[in-house]
Each structure stands twice: as C-alpha cells, then as structure tokens.
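Next come two complexes, and both contain subunit A; in the first it sits with subunit B, in the second with subunit C.
And then the complex of A and B:
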C-alpha cells in the first residue's frame, strides 16, 4: 500500500519535473529572446556607425544591405574626419568646459552644504528653501536673461559664457547637505577643540567622508555637460570653441549627405572618450545615476 | 552674586564663538548665494519683467505692453502646435520608456552571469554623445541608404521616409527618445528591485505563487510602486525638455510636425531675438516643469515615508 502510493506519487511527479525543467528552459529562452531583441535595438546605431566608418563611399551609397565592407576604408575615413574638422579640439573644449564647471561647482557647493547641514546662521532656512526652489528650474529658463547679460558685457563666444550658468549646482548643495547631515557632530567638536578652523574641517575632515557622493555627482555633472547642446548652441558661434555636441552639429551640417564615412568616423571619435571612461568606471556611473536619480 | 558672575564670565567667549560661527557660516554660504542670485533669481526677475514689454535684442527703447505677449502666445498657432507636439511626444516616450525599461530591468535583475553585460549594453545610449548618435540615427533611418529601409525593402514593405513624412517624424523622434532613456530608467528600476527582499519571493513560491507573472503582480509591482512613480516623473520631465533631436534631425519640420516647446523658445529667443515673447514662452515652459516637479516632491515624500 505504502509502496504503491509511493510509486503512484513518483509517477505523478515525473511528468511535472520534466514539465518544470521544460518550463524553466522556456522561460530562460523567452527572457533572453526579449533581452536580445532590445539589445539589437540599442546597438543598431552603434554597429551601423562603426561599420559605416570603415566603408568606402561607393559601398555606403550602394543601397544593398551589407554588414562588412568589401574594401576596408577606415584609415581614409578617420583621417578625413580628423583633418576636415578639429575633432580633438572639440573634445579638448568639452574637457575644459566640463572640468571648469565641476571644479567651481564643488568649490561653491561643498562649503555651502556644510554650512546648511552643520552651522547656525541667520537666513539658513530661507537659503535652503531657495535651493529647493532652484532644483525645479531647468537650465533653459534663466538662459534668456543670462544670454542678454553676456551679450551686454561682450562675453559671448568664450569658455566663461559656456560655464557660467552652471557654476552653481543647487543639486550638488542638496545632495551634499544630505550627506553632511549624517556626519557625526562629535568628530567636528573634537576637531574644533584641537584648534582646527572651520575651513580645515570642511576640506580635510568632512569632504573626504563624502567621497562617494562627490564621485557620483562628478560623473553626473560631467556626463550632463559633455552632452549638453542647448546652451553652447546659444552662446557659441566660433567653431574653435565648440564642445563635442556642437562641434558634431557644425560638422554634420557641413558634410550632410555627402560623406557618411567621415561623418560616422567623427561620431565614433567624439563618442568614444565617454564610452571608454564608462566601461572602466561602470559602477561609479550606475551609482551616480541611482544616487542622483535626476537628469 | 557669585553664582551669577560665573556664567557672566564664561558667556563672552561662548558668544564670541557663536558669532564667529555665524560669520564663518555666512562666508561659506555667500558664494553660493551670490551665484543663486546671479544665475537663477535675477534672471527669473528679468524674465518676468521682459514678459510685459516689447523688448528685442538691440532695440533702442522698451515699452510696457501689458498682457499682450501672453494673449498672442495663447493664440499663436506655432506655439499651440509646439505645445501639442511636445505633449504628444511625452505621451509616446513616457509609457514606451517606462514599460520597456521595467521589462528589461525585471528580466536583467534575475540573470547572474549575463547581468553586467546586459547592463552595459542598455546603458550605452546614456553615456554616448547624443548629438553624434542622433546624426547616426539620421543615417540609420535614411530612406534609401539606411539599414532599416533595406530590411523593409527585403520584407517587401518598401522604403519609408521616417523623418520627412509629417505623420511619422514625431513618433520617430519619440522612438529615438525611448532608445536614449531605456538604460537610464533601467538602472533606477534595478536599484528599486535590489531593495525587494529575496525571501518574499521564496515565501510566495511556498504559497504556490510560482508563475513569473503571478510573482510580478503580487510582489514586484506593488513594492516597486515608489520607484515607478519616480521614474514616471523624471521621464516626463526629460521628455518634456526634448530639443536635441529636433535641432539636429528635423529643425521642426516637415511642415511644423516636430516643432516642440523648447525649440520654439530657442527660435523666438535666440534666432529671431524676440526676447519678450520668448520670455512668456519660457514661463509657460517653467509652469509645466513645476507641475512635474511638484508631483516629484510629493512622490519623493511618499518614497521616504514608505
């Protein structure tokens, strides 16, 4: 009786185990099928960019769909891109502008965030309310008056013009204040008793403790300003000052529809630096997005 | 008498320290406050003032015109079309990017060996220089030379002029917008998913709630609620600020079918230099962003209390 019921239950179990293995396989298959479809959609322009950048013009304009070029034309296209547009200059401009913005943002935001988090002074709450309000104002809103101001003092077409609207990051103040608030007061008191000035406390004790937040913000700020088109498009008309997006726009307007090989080579060159940094510092990028969460 | 004298004696250094602290604090906050005035508050004031004038860059005199800028904005067909197009764009990008990124995040989250590979690939558009990639998209979508047209021809559908067909241009830009946003939202969803305790799923399995869809509906979806709301708000703001693809790929065309709010502001303010009119449009833009932002704060609040 016992053995019988055991056999019966085994028999009942057998198909269900096969069934569950089959179901697991099916679900794995469906999962990867969906994800790979998405991957194809995401990678399509990247792959097309790389392939076109090594194709000779006659193969580009041949309407036949062919993945790999018959004739390798990469060297010609990349040389053409580098000589007909100052691509490295664009990248350097991007580096100068993003670096300058980030340094001033940190120098301004860190002390202010510390004061808001740990010091008492008149108007502290009012300042914090202003910071919160500032969070809701996108860059495109003050653009018009700042542009008029820069035009009046004749500072259009300068690195300064490209950087000035972003020197203050209310977001950095907000983020760092959150971090500094959890910093133990005892350590600050002890440092004061040791005769450290507030200035030293901020930069030598509190700032190092907020490194994860600072790194996350740095990534966020750098990516945002490296890719920003709106403001440079408004204040820069000199090609030699253009950051990567604006440079790309100038270049594609000049080459539109004529030289896709060089155009995609240029796109590859301008996209590569940030992508390479991303591949090496992937964790930081992802932490940066999750910590900041805003774009 | 002496009991009073003791605190009297110690008060001045304490008070001096408090005063010093205030001065230091004010010094620390001052650069930020000055920049806040110069780059946000004063510009907002100037913007408000300009809204009621007829100022144009380089104009000799400025006249007060009252509400005429506002009334002309509300009746301006270009502006109304730009606003409608922007909202249509948001209406496509928002569900598209949120649903697809949620699907990808849920599927990627449970992978072990392939997880980081998928993460990298889906995140690529976020870090790539978008203008460069937009130029590539233009070529990908090229009616005679692009791979999509080639595939459509092979399928016997024929060429489609995605960016020059007035009824297709805006949805096409929206698809590119979704392409750019999926990885960003996926990362936010993955962060949300990692906070859901694993034993909940195990408990659900014991309770006989074994199917993927069952588990998603009973555990993942409700617990992911705050993250989802947050992603919805940030995606709406990002989509509402659409500008780059329009400026690079379509310039508002064909036939005004891709004119969007920011592009309209850009043209009025920085191409036609009708500053006063652009100021009014900027304010309307800001009102929409504020509505989204208020939603965001409400949502964030809920997220904290959760």
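And then the complex of A and C:
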C-alpha cells in the first residue's frame, strides 16, 4: 500500500471508529440504565424501611412523599424497638433455628449427594428421580401431619419443632450432587488406595473442595428460614421462642401498634445479621451458583 | 518386592467385554509396561489390579497370595494417576503424609480437635514427618512441602504424586499414564528419572501408556494390548524385531512399519505386485498376505547399490522430512495408489538422487502376516546370502541391515 492510499483509508476509517465508540458508549449506557432501574425497584422497599425507621410518627403518615425526614427521630425509634421488644432474643432464636437447620441439612445432604454422584449401586437413578420429585413438594403439603405428629409427642413450642421439617433438604442434595459429579474420580480412587473410608473421603476430601457450593446453599437456607413466618406461626405460641418474623408480628400487635417508625427500626435490626452473613459469603455464593449452573 | 500374577482375568461392562482372558505373570522387581491404543483395556486392567474396580472373573495374586478379596489399600500397591490426583486443599506435606497417617493413626486420632487429646499422636506424627522429608529429599521437592498442589507445575505435581506412592513402600507401583500430561521435553526427562527410580527401589512397576516410545525405552518387558487381549508379551527388542501380530508391528516403532499387500504364488513363493520375491511362506497358493518392512530396512539404491540377494521396489519420492541427523523419505509406488512407503536414511543422502529410484531390502528383514494379521514365519530365503556391500555413510545411526 502506498502512502497516499494509506492516508486515504485512514481518513475513511476515522468516522467509523468514532461511530463504533459512540455505539459502544450508548449500549453501555442503556444496559446500565436498565440495570439501575431494576436495582431501584429491588432496593426501594429496603431503603424505605431504613428511612421510615428514622422518621417521627407524624411524618410517616404525611401525605407528602419525602425521602429524608425533617426531624431525625432515629434514636427514639431504635430505643423504642430495643427496649419494648426482646429483639435480641428474636435474633438469637433465629440464629439457633437457622444454624441448627443448616448443620443438620449439611450433615445429611453431603453424604447423600456423594452417594448419588459417585457411588455405583442399584437403584441410584431411581433415588435421584425421587430427589427431583421431592423438589416439587411444597412445604405446606406435609405441614398438617407433621404438626399432628409434633403435638402427639408434645414437642410443639420447641426449637426442635421449628427445625424438624427442614432437616432433609432435597434442594441441598440436588445442588451438591451436581457439584460432586464434577469432582475427579481419580482423587477418590487415590484416597481409597491411601486407606480412607468412604465417610472420610466425603468429609476430608470432597467437602473442602465443595466450599463454594456449601456457602451458596448456606445463604439460601439461612435467608429462607430466617424470613420464614409460616411454620413458626403454626408451631410456636411462646414469645420467647419466636424467630424474627414471628417476633415482629407479636411486637407489632402488642407493643408498637401503629408505631411504624419503631417497627421498621426493629425490622432493620433483625435484617442486619442476614446482610452481614451474605456480605461474607458473597463471593463464594456467586461462585457456587455459577459453577453448578443452578438457578 | 513382589511377583504379581493375573489368572484368566475377565471384565465386562454389561454385554461389552473389555478384558478377555488375561493371563500375565510379572516378576519381582520387573518393569512391565502395558501398551496399546486408547480403549484397549489397559487402564481398566491396572484399576482392577489396584482393586478400584472388581473383575468379572479370574483372580489376581501377589506373591502367590490371592488379593481378590482385599480392599484397595490392603493390597500393598500404590498408584500414580495421569491427573496426579493430589488432594487439592492439602499441602504437599499432607498429601505425601496421608497414606502413613491413615495406617499409623486410629480413627479418633484423625478426628479434628479430638485428635489433640491423643498423647501417642505427636510421636507418630514426628516419625511420619521425618519419613516424608526423606522421600521429599529423594525427589528434590523439599522446598515445596508447604505449598498447595495448585501452586505447583506439572512436573512438580508428578513428583509429589510419586512421593505419595513411594512413602507407602508398596509391593508394586501401578502407573496409569503418569507422563502424558507433561510437555514433551519434561516427559523425556521424567522418563529417565522413572527408570532410575525403578532401579533404585527395585520394586515391581506396572506401567500403562499409549506411547510406544515410553514402552520401548523404560520397560523390561512390554505387553501390547488391543481390544481387551494381550497380543504379545516380550522384551522391547522382541516386540520390535519379531512382532507377533500386524497390530503390534504397526504400533511399535516410529516411523510406522511399511505394510505392503502381497500374495502367495506357486510353491509358497511370495509375490509383491506380481514380482516374485526370494522368500517363501507355508501357505496355499493365492492367499493374500501382508509384508511388513521397517523403514530403516528399506534403503534407496544409492545407499545399498542393490545386492544380488536383495529385492527391490521401484518408487518415486513424494516428500522428505529432515530430522537433523537423519531424514524420513516418503515414496509413492507405481500401480499402487494411496500406498506410501517410508524409508529412514542418513541426512546426507541427497534428495536429488531419490526422485525415481529403487528401494532395496533384504528379504530376511521382511515380516509376513496372514489374512488375520498373525505373523507367519518366512519358510526359506531362496537365493544364497552374500555379505552386503553397503555404503555406510548413508545409513541412519542404529539401523540394522544384515
């Protein structure tokens, strides 16, 4: 190519380059605009909760929509929430219930998932189909028989009653089974040759490598049971055993009445632990989801 | 130290038979290689010996004691895997120490936290630590003991996997393509290291590979497998010089052996493209056979000056490849399309002299295979043999021309 034609072609290229940069900017702008709209919709209730929790009662019901309160009333609301309701008790109950559920779920689901993913035995596929079918059973279906059973053995109004229906998580079995399937067989073979029993292989070799999946599942499980109102409402009538949502309900009925400022302050306090858990597990959570290709 | 014996070993997955009637006796301290194309059942065989898969029938014994009922870790064998199979979340030290901790410590001494209660444990762990360090020193991986497998290169992982196998002082080492994940240069290096290791340890090695060069260079004996059967068992030399089967002939040796279609004429006289050769085969007239000639046994006229007792094949040059000290020539044969004949000569042979030439070969260097691919012995070499008058300058190094 001679110099002249090179310059000519450069000149011809110039506008197209500007064009493509502009187009890229526009597409980025549109993508982000759409995403930000979505974020706004998702975050709005949360932000509204935070703002209401620092508003005085008369401003909560003001017809004028205001983002920031004229009068900062946070201290009063939070003091009210902390003093008039056993919020820490609710949080502790939530922690015990969610922690207990998660631990038993992992203890059961990990060996099950390993067996379904790596061991060869007759009926394995049939069992896996049962697991898949188990995913389709809503929790409300077995509620009545479990309730009657708990009543018969006099276990209503206990932590155990709140946890027992969730001990066996088919979702966890499914999630871990998908994850374990990609675990190299050779490593399991090597462990067998080194003298490990199957249980040791599960807990010492396979589980440590499944941390992303476990973290992801932990977040799912913790959030779901922390926020669960349905089951505790059925089996718990003692305020001292109430997990956060049920406690909030008791609180709004008895103490706060229509004091939404204090109510949202309580809600904020009770959501905080979840947020902290998620922030810690966030990276692994996302890894786990993308690696297993579930949800 | 152990002698490993396989008796009538069979394995099938459903109706597909992967191994049929394998009988093999591996001597104490022998380096035996199972070689064959992928899917020939060699990996399955080594897994059955390790106890990782059950055989359908037949038995395995080590030192005349049956090990069929034993679980993998009770069999006194150690295995090195193609993928190394290191425990990803454990340090190199823990990886190598694991087989020892599994045998030396009981269940409670292995449980987290509870293990700290055992007074015995600390002493045992100290011994194990020393043993691991000694192995690491042998393999020159001492500085790596604190690292995780993900921080190691392929060659280093390979050594760690070897260390984990060695630390158990097994009766036999089973190696399942341990070098095939390494790059070419490192593979050559590790090949000689493995051979040295075998000499030093004096243990029985059973080595699986699909690479005939590994099989030829490292082994005492080679078992060539195909479609679940052992086609030939012998020293690397025997497999090369007297292949029992056309598949063995094709698999062993690089460049691949030349296979020329031929037929048996009157009195068992072998005819190559209609021309009688000075060799006979004990087969009925009209049988189709295949002649196999190694590339170094097939020399252009300029090298051999065709001797009276030699046969020759008119050819024309298609392509030549320089490999430094030697070159590989690819010839076309007139009248036979698609047939390429390979010859290995010294790099000094000028291409110009090869445009159209005759390839001379000694009839005694021919391997004959019948229609089923089985070797048939050359019954007689017809004309009297004379000492060859070969221009030594043009011969590739290491070639055998009688």
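Quick note on the criterion: the second predicted complex is superposed on the first by the 198 of 295 C-alpha atoms of A that agree within 3 Å, B and C clash if a C-alpha of one lies under 4 Å from a C-alpha of the other, contacts with A are read in each partner's own complex, and residues count from 1 in each chain.
Going forward, contacts are C-beta pairs under 8 Å (C-beta built on N, C-alpha and C of every residue); 3 or more make two chains touch, one makes a residue touch a chain.
What you see is a predicted model; the values in this text were computed from it and never measured.
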item: Contacts of A:26 with subunit B and subunit C, given as first, second, both or neither; value: neither
item: Partner chain in contact with A:134 - subunit B first, subunit C second, else both or neither; value: first
item: First (subunit B), second (subunit C), both or neither touched by A:34; value: first
item: Which partner, subunit B or subunit C, touches more subunit A residues; value: B
item: Touching partner for A:208 - first (subunit B), second (subunit C), both, neither; value: second
item: Touched partner set for A:245, first subunit B, second subunit C, both or neither; value: first
item: First, second, both or neither for A:184, with subunit B first and subunit C second; value: second
item: Partner chain(s) touched by A:196 [first = subunit B, second = subunit C, both, neither]; value: second
item: Residues on subunit A lying within both footprints (that of subunit B and that of subunit C); value: none
item: Sites on subunit B touched by subunit A in the complex; value: 18, 21-22, 24-29, 31-33, 35-36, 39-44, 46-47, 50, 57, 100, 103-104, 107-108, 110-111, 114, 116, 118-133, 135-137, 139-140, 144-147, 150-151, 154, 179, 182-184, 187-188, 191, 212, 230, 234, 237-238, 241, 243-244, 247-248, 262, 265-266, 269-270, 275, 278-279, 282, 285-286, 289-290, 293-294
item: Residues of subunit C defined as touching subunit A within the complex; value: 47, 50-52, 71-73, 77-79, 81-89, 98-99, 102-103, 110, 164, 168
item: Subunit A to subunit C touching residues, read off their complex; value: 184, 186-187, 189-196, 200, 205, 208-209
item: Subunit A - residues contacting subunit B, complex; value: 27, 31-32, 34-35, 38-39, 41-46, 48-49, 52, 60-61, 63-65, 107-109, 111-112, 114-116, 119-122, 124, 127, 130-131, 134-138, 140-148, 151, 164-165, 167-168, 170, 173, 198-199, 202, 223, 226-227, 229-230, 233-234, 244-246, 248-249, 252, 260, 263-264, 266-268, 270-271, 274-275, 277-279, 282, 285-286, 289-290, 293-295
